[in-house]
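First subunit A sits with subunit B, and in the next complex the same chain sits with subunit C.
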Partner chain A sequence: MSLLGDALSHAVLPGVALGFLWNMNKDPWTLFAGAVLAGLFGTWVVGLLTRRTVLKEDGALALVLSGFYGLGVVLLGVIYLIPGARAAGLQNYMFGQAAALSHQDVWLMAVVASLILVVLALFYKELLLNGFDSNYARSLGIPAAILEKLIWLLLAFAVVSALQSVGVVLVSAMLIAPAAAAYLLTKRFHIMLLLAALIGMFTAWSGSLISYVGSSLPTGPFMVMCAGLVFVVALFAAPQDGIISRWRMARNRQLDSRRENLLRAIYLLWEHYGEGTENFSVDDLERRSSLKVPQLRRQLRAFARSRLIDWPSEDQQTFSLTAAGWREARLIVRKHRLWETYLQQAARFPDDHVHADAEIMEHFLDETELQRLERRLGYPKVDPHGRSIPEVHPNLS
Partner chain B sequence: MSPLEFHDLTVSYRQKPVLYGIDACFPTGALVGIVGPNGAGKSTLLKAGMGLVPMSSGWVRFFGEPLAKVVRRVGYVPQRNAVDWDFPVNVRDVVMMGRYGRLGLFRRPGKLDRRIVEDSMERMGIGNLGSRQISELSGGQQQRVFLARGLAQQADLYLLDEPFAGVDAATEEAIVVLLRELKQQGRTVVVVHHDLGTVERYYDHVLLLNMRLIGFGPTQEVFNVENLRQAYGGQLNVLSRLALQRARTTEG
Partner chain C sequence: MNSEVFIEVFRDPWLLEWRSSLLLVSMGWLVAIACGWLGVMLLLRRIAMMGDTLSHSLLPGLVIAFLITGSRATWVMWIGALVAAGVTIVLIELIQRYSRIKADAAMGVVFSFMFALGVILITLFSRQIDLDADCVLYGELLYLMVEPGVHWMGVTLPPAAWLRMVVIAALVIVFILSLYKELLASAFDNDWAGSAGLPNRFTHHTLMAILSLTIVSAFEAVGAILVVAMLVFPGATALLHCRRLPLVLAATSFHSLVISLAGFHLSIWLNVSMAAAMATVAMLWMISIWSGQKIKSKKKDNLTCAT
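So, the complex of A and B:
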């Protein structure tokens, strides 16, 4: 669909040239008619090539795009040779020049825009259905083939009415970039439509402004740059799919894992010291943890802030776990060892394969999954390595 | 009046016949499994019936009429991998599409439509997934969404294309329950089916297909070794033969 828009926008160029040659002036309505006819002819040729020759659709699109565009450039070259035609400003159709728009051009745009809005409003649900599942649309008796042709016609109208301001070469970017940015920002079709229109309006406005301020700069490239900028911003800042929020989620997960791993290391240290130990040496923990010293210190200070550990002495060389600290440490060790037991018993993993997987899964098991696991395994007391699986609330059981 | 009748249906693709001279008249209220090897034209038969692929000869009638006249009485559920599940809509939007045929052009869904949509989702066990993005669904959930959309159509004849493909056991069970309910309500259901081992348990009629019609009728009359050998030829591998034998012995 996006590529077809691209081919269509390039295919209109010979139509513009022929429209000019028709009565040797830049009457917007003649140019419009010529361009729309050429564009539709181009898409028809694409369909013909795909159906009747060995060419696949991408090949047919590329052929039509470059062939029609080349023909258009040749025709414009011929027009330049005609005395007086150079002044008509047809070169503006290549890259767009908003400053060259006449009153009639603006009227044309208004008519096209209202027409498209009316059709969208009338056939909203049919277009939605046809876009998602055209076979199903046809099975409901919706004239999908006619709708599709209607969409092509509207697309041709939109492309041609934007030609003067954006230019043949870049107009397809204005079809795609606002919609792509909107798709990143929402997953509801009607909101996406609105958003894409707003983004399109904003980028057209800002692009024209820049080209106006910079006098006689071409408009199209600036509009497309603005649209590209909006897309990049959306790509990074989109609430769900954006790169920043994904990165933040991954980062949070990593921090959670680090926190839980250190709690488990403390618990293992306690098993190593022997039961009854209350104070842990930070040096001992450093030797048993994979964290670098500054990271470990920072994590311990964070534990102290959230009241998981206490510092019995001022020098902060030893620490003890609070009741809450014990609970969390027992919980993470319980998850780890239950998962190892599960892998060994239910999934028949060999003993020496279970640890690495439990390293990861212990961070993902939530309360309900843990309970299901306990029930399924029959509340075991010992893991495959023969170590005891701690209760989270030992006094209650 | 038969809800679905094929007469001398032939479908070709690139000059090669895919279906050849199919005659079949489906009885009202039947639960029919369409069975045959890969490439036998099972899905094509449904698509040709719905006018989605052109037929080179023959005709199809629904309730004695051409499809266009009775399109509201026919519910087609395509294969779920035929659509783009990243499309920006949620589950409720998709199920609502089942109402579009009845609404007709220009009308927007009303209170009744919304209630039917909620009921249909409830019935397929996805009542709590209404606002879920369709890109976040599992295979089984996708199939439930498609079936709920079909239910929302409130059709008298359902054509389901491979509803059991790649779904979890719970969804398979839910679909079987749905098929029986539809049959009990007197609706006719035609299902493209792949698993020979479950044919006898799921369907009361079987249509055996391999480009041409091998057999069509009540399951116990048609679903036998001779017919299956004809349909599958050398392709009837050990596994499906075993499944068949097992089904035979548990039955007898």
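So, the complex of A and C:
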């Protein structure tokens, strides 16, 4: 329902016109009341259209947004033609005049903001539950329908009080962007609320700073730009879900896989040479590994650094595995072959279909899973291809 | 009702010179048909708010295209609109792919950002630009009456804006008819359409490209916000009472005609913007179709209960 705010902020226009017609002047309170009522009515119509017709939420929102707005423009057009009506500037109600902000507007905003805070504090648990699963909330006896109406009312209050100062596009932006950024940054509801408020404050501050420094620059659009930038930063740098941290996780997984694949290739080379071999030729490994030569050499250097292999100098054509290296290599081969055995025995895979899956799973099996797998299969000695499954003794390391 | 009021309300709006009336009504119909046919597709794909999103996001594209070329020629505006639409769609798709943000929130963030960028550009370069936000926001069909006609091979044709809209309406109709199967299949079951080998992405992106061209051509006629009304109302009204897509499209064309005729009437009678009048009439027309349907189905219910 993110775009409800957008629809609502356009739908208030006929309410503004009717509020003016009530007593033919621009009394802020009647305009406010008219706008809030029109907004609530529009929200109700959105619900009605979604429930009672084939139209979905998006269509209902677009209909209310544009239909109400058109009606508002017509009503304003008629008002301007009434002789003696001092209606000049009424159409600016929706486009914000930050320069013309009065003390009264600021007070109104403060009242609305505290009202929202109080309601959030009072119904925190209920709102949280309702947001996640309204059916479950209803089954617990939480009056979900009333809560929803309360949210609508608060939304209408917030939208209308913000409209006059910042304008219609900015209202939808400020409703969505800080919240979306906070949503990316954390998964905990109370932190999300706090972050959204902080981001909102930051964008307001930086937007007004820019428009103050550069002369005659509009405040609202710069606030939107700042909010957009914060959103982009959150999109990239969010600790868990950000693009950067996800990229790093994928990269680490790739490096781990590469490392383990090379160890397995060394073990397979050992099986190829025949048991009892101590020294492995780098050239042979290059021929049998899928890695490119520079990558392979870099990986071997890393092994030498972490004492998995003995490779005194890079000019030397052979290297040998250390005790720790042997253990790691046997472990990864054991995982691979145990998984192949499991697929063949428990999941009834044909022998020639088990390798590809084991190629992936070998990188994800941890200690506990490995132990359960061994027990389940009865500590097998050979894999489906008839090769022996190496044992890994804990005391070797 | 006394006869003077009757004459003033119902006859006088039609006493304009017939050519102007015909021009305005047909322009309204062209806009409503082009938007309406596209709107049916948007509604079926559940992306009706894409109209609102694009109509705001195109602004920086238009401004930048104008700043680069210094002209407001049709092709310049079309290229600017296409580029801006492309950027918008790509941004929305990227946000959706790389985060947990849902499509509607992504649309909200992107369109407000793009619109703000457009407004800032206009303010920064206000000396070079005679393109003000008001003209994009409101639009006015009645300007068509003062715009000179196009002279071509010795014949006086209707004004350029009208001809442009004819091209756009033809483009929309040809597009929908030629990609009929693809649009229908992917609207109802995108995954199935993909697995059946239909080019889903191509269909979607072409739809968005034509939508942005339509929006930018409808701008000067109806404005950024009321173009959304033209997009959704005819189609939504048709979807209320039709089930089959050919019928829906035919009904959309009919509703568009009703909207433009009655919208013209209302705008002349009340002396208000024709676009806003068309949107208001569209809403009233939809309400009457809907309630007519309710009454009919209630009667049917009563009959079934009685037997």
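Assume the second predicted complex is superposed on the first by the 319 of 397 C-alpha atoms of A that agree within 3 Å, B and C clash if a C-alpha of one lies under 4 Å from a C-alpha of the other, contacts with A are read in each partner's own complex, and residues count from 1 in each chain.
Everything below uses one rule, namely that contacts are C-beta pairs under 8 Å (C-beta built on N, C-alpha and C of every residue); 3 or more make two chains touch, one makes a residue touch a chain.
Bear in mind the structure is a predicted one, so any value in this text is a computation, not a measurement.
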Of subunit B and subunit C, which one touches more of subunit A's residues?
C
Given the touch rule stated above, what does A:Tyr183 touch, subunit B (first), subunit C (second), both, or neither?
both
Looking at A:Gln317, would you say it contacts subunit B, subunit C, both, or neither? Reply first, second, both or neither.
neither
Just to be sure I read the superposition right, which of the two partners does A:Leu140 touch: subunit B = first, subunit C = second, or both, or neither?
first
Of the partners subunit B and subunit C, which touch A:Phe123 in the superposed model: first, second, both, neither?
first
After superposition on the shared chain, which partner residues are touched by A:Leu55: those of subunit B (first), subunit C (second), both, or neither?
second
Mind working out whether A:Gln295 is in touch with subunit B, subunit C, both or neither, as first, second, both or neither?
neither
Looking at the overlay, what does A:Phe132 touch: subunit B (first), subunit C (second), both, or neither?
first
Regarding the shared-chain residue A:Met192, is it in contact with subunit B (first), subunit C (second), both, or neither?
first
Subunit B and subunit C footprints on subunit A meet at residues 183
Help me check something: in the complex, which residues belonging to subunit C touch subunit A?
42-43, 46-49, 51-52, 56, 95, 98-102, 104-109, 112-113, 115-117, 119-120, 123-124, 138, 225-226, 228-229, 231-233, 236, 239-240, 266, 270-273, 275-280, 282-283, 286, 290
In the complex, subunit A residues that touch subunit C:
1-3, 5-6, 10, 53-59, 61-63, 65-74, 77-78, 81, 169-170, 172-173, 175-177, 179-180, 183-184, 216-218, 220-225, 227-228, 231, 235, 241, 243, 246
Using the touch definition from the top, list the residues of subunit B that touch subunit A in their complex.
47, 50-52, 67-68, 71-72, 74, 76, 78, 82-84, 87-90, 93-94, 97, 100-101, 103, 105-106, 108-109, 133, 135, 149, 153
In the complex of these two chains, what residues of subunit A are touching subunit B?
122-123, 125-126, 128-129, 131-133, 135-142, 183, 186-189, 192
